[in-house]
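We just call them A, B, C and D in the order they show up, numbering each chain from 1.
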Amino acid sequence: MSHKTCVTVWGENRHEKTNPAVTAVYPDGMHQTIAYFLRATGEFTVQTATLDQPENGLSRPVLAASDVLIWWGHLAHEEVDDAIAERIKSRVFEGMGLIVLHSGHHSKIFKSLMGTSCSLKWREANDTERIWNILPSHPIASGVGESFDLAQEEMYGEPFEVPPPDELIFISWFSGGEVFRSGCTWRRGRGRVFFFRPGHETFPTYKHQVAQRVIINAVKWAAQNPLSTTADS
Amino acid sequence: MSHKTCVTVWGENRHEKTNPAVTAVYPDGMHQTIAYFLRATGEFTVQTATLDQPENGLSRPVLAASDVLIWWGHLAHEEVDDAIAERIKSRVFEGMGLIVLHSGHHSKIFKSLMGTSCSLKWREANDTERIWNILPSHPIASGVGESFDLAQEEMYGEPFEVPPPDELIFISWFSGGEVFRSGCTWRRGRGRVFFFRPGHETFPTYKHQVAQRVIINAVKWAAQNPLSTTADS
Amino acid sequence: MSHKTCVTVWGENRHEKTNPAVTAVYPDGMHQTIAYFLRATGEFTVQTATLDQPENGLSRPVLAASDVLIWWGHLAHEEVDDAIAERIKSRVFEGMGLIVLHSGHHSKIFKSLMGTSCSLKWREANDTERIWNILPSHPIASGVGESFDLAQEEMYGEPFEVPPPDELIFISWFSGGEVFRSGCTWRRGRGRVFFFRPGHETFPTYKHQVAQRVIINAVKWAAQNPLSTTADS
Amino acid sequence: MSHKTCVTVWGENRHEKTNPAVTAVYPDGMHQTIAYFLRATGEFTVQTATLDQPENGLSRPVLAASDVLIWWGHLAHEEVDDAIAERIKSRVFEGMGLIVLHSGHHSKIFKSLMGTSCSLKWREANDTERIWNILPSHPIASGVGESFDLAQEEMYGEPFEVPPPDELIFISWFSGGEVFRSGCTWRRGRGRVFFFRPGHETFPTYKHQVAQRVIINAVKWAAQNPLSTTADS
């Protein structure tokens, strides 16, 4: 019997409690919206975790059971316990996939895996974002088409201070005049890391069908950890 | 109903006819030995093609039906028709996987896809080759272990004049004192290309269980062409 | 006494003779405009060559004396002699730098070095192009600033069918909604290859100070062939 | 007047004080041997720093004046102050070059810049190491020849748990049967990082002429920080 990929969706879950504009879009929190569309595929076992839970929701058993961890944080990166960030990193080295969304670029775990500042330009406005699929043969780009538009998004601009990605899948165009490497992969130890840019908390990005498709694809890609398959080989 | 990956194993099939030492090892030709262990997995539909067939065995329908092409050539690279090499290249750009073995490094198709001379050092002797698995999390390295030995092999040494590989999976150590990047991947168009070094015609390399495992893994990896999967997504 | 870098600027030089709009911008040909600003630095020995000269202007002695070749072609890629394209390729493998401009992406020499179709989207219009400097520490980006604008340019859009560049230096934003990897490097043999996107024949791009700066930087970068320096080391 | 590259050679300087076998080879410490051959070129301003100095020898003014930092540590990685490691990292992001030698692979600064465990296999024995030059056109490989031998060295073996290097320049062959990626580069922020494998404390590796040549080349390469050159451009 085959093993269903186990995904843990981690949400900082602060904006949702304090900013009515965010609550209006994501009444149960962004992590629940993401968990919802992942569950709807019928292909994954999905759990959620949030900052304010004990051990930031990421106890050893939770991480040990996670094939893939999805991360959204913004306001409270510093409140994530250093030991928890180290624990996540060890699990990535063992082969857990990690999908870092949007403002997670400044999270402890992402900066620590990249070894760079992970800084970027940004502008909170009403830019339209067009995401170009520059590597259509990559599994994460499957079904995406040549580009897709998000009517309103926060702008992130280059230079994005990360190591050159192993694979560059998406580049964003913003109506205000900027570009950004919006879909990037890196290997770290046995783990696969994917950064996906969109997802400002006041916009319904994670309800957009193509953004959902990218995240679903990314979970499948990030879960391809041969550790779990060598046993029967 | 799922589609079985279709593999075409192309063999130059000249050494086997003219050199008794080769015939002794591969009485039906190397391509048949490779086809045999691929068929034995039950996971692929396998056909073979050889240089001396019409259109070098690679008519348009044959290539159109191939998800992955495996290539072994050595003596007669120049006898492959230019138009056939171009036809293969177009299929790679469309998404067909290509696995180039050993002396295929100097084939028209490989040189044309690399854009370099693809030259290397070599010594026909009785070196022992130890192949180190430097990217154990890669699907092509699944089940390979930390290294494996081939008791006798032709030596290939650096510098190997190829573009820097997208992924470097294996490095060979030779008892005579050389090293070689023995397992390398590149993307070309929508197609995935894998070069695997071992396979001198006078040694039973393609009967070695781990070498077979690598080729089986590589076929699965090279067949992951999202073109064929987007239809039903 | 130190050796001055020898640059050969190759121009197809057809638009300039037949299209008054081009002649108006580049009365002596684009190659002469490029040669002019390179000479003005006082740092290079500069010569020009054009398609309609014997051997397409690239005799063996001309290439042997070239540390760097700059290439602009568009209408007549097929008229470049196959043997001349091969000769250039051999020189690149020996260490000659190659800078391919704009529509040179479909030249024989560039396609042959890339091993891919080198195709892209395009639209001949009046887009504004903003070129973002995403690798400011690269020598080719020296003095470029965070971005620069070309008021009018032809649009080139992704996907650009090239192998993943070794270094991605510039990404273009177009007012019409597209993005493009506009400054890319690759190694081929001992030679360094740089592709620089801008330069539609009806716009004065090569008179733009920052575009000139990029090309000057690229010549210095592409000329760093250790072959010429090992003698005295 | 041109600026001479300022190099700081950092040595842990513990083995040299406690192990007579090391003192015999490097009576003044490895850092002094390295500083000596760098000074002998006449091309650099060279200073040294050691662990037991205040601020581990790396005060803000010392780092601010360093174009390149060379790092050798082994026994006492944990004794380097976290704040000093962070300070070095910031300087790398600003453009300082960093050359990490041998057992420095497990230093705080290197692990932090890589984002991985940086682990490897090792065996303290009398292996012969042959270092193959696989990227002869790289400035760091200038004058190195196709390979060079170190008669006795500690063995380091794959897998080396680092991100895929931007450039792979050297691969080592060990008489005991292992291979290792011995010369690797990565960009981090504006800084250039080079890891060079050889240099076990009981062997006179840093007195070997070709090893010295590699380090001299690497200093020149790592110092190419356009920040310092943009002012006058």
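Rule of thumb we're sticking to: contacts are C-beta pairs under 8 Å (C-beta built on N, C-alpha and C of every residue); 3 or more make two chains touch, one makes a residue touch a chain.
Bear in mind the structure is a predicted one, so any value in this text is a computation, not a measurement.
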item	value
Set of chains whose contacts include both chain D and chain A	B, C
Proportion of interface numbers common to chain A and chain B (over half same, under half different)	same
CA centroid of chain C to CA centroid of chain D, Å	36
Sites on chain A at which at least two other chains make contact	135-136, 164, 166, 187, 189
Chain C residues touching chain A - in the complex, by the definition given at the top	130, 132-136, 146, 157-160, 164, 167-168, 171-174, 177-179, 181
Of all residues in chain D, those that touch chain A in their complex	93, 112-117, 161, 163-164, 166, 186-189
Residues on chain C engaged by chain D in the complex (per definition of touch)	95, 135-139, 141-143, 166, 187, 189-192, 224-227, 229-230, 233
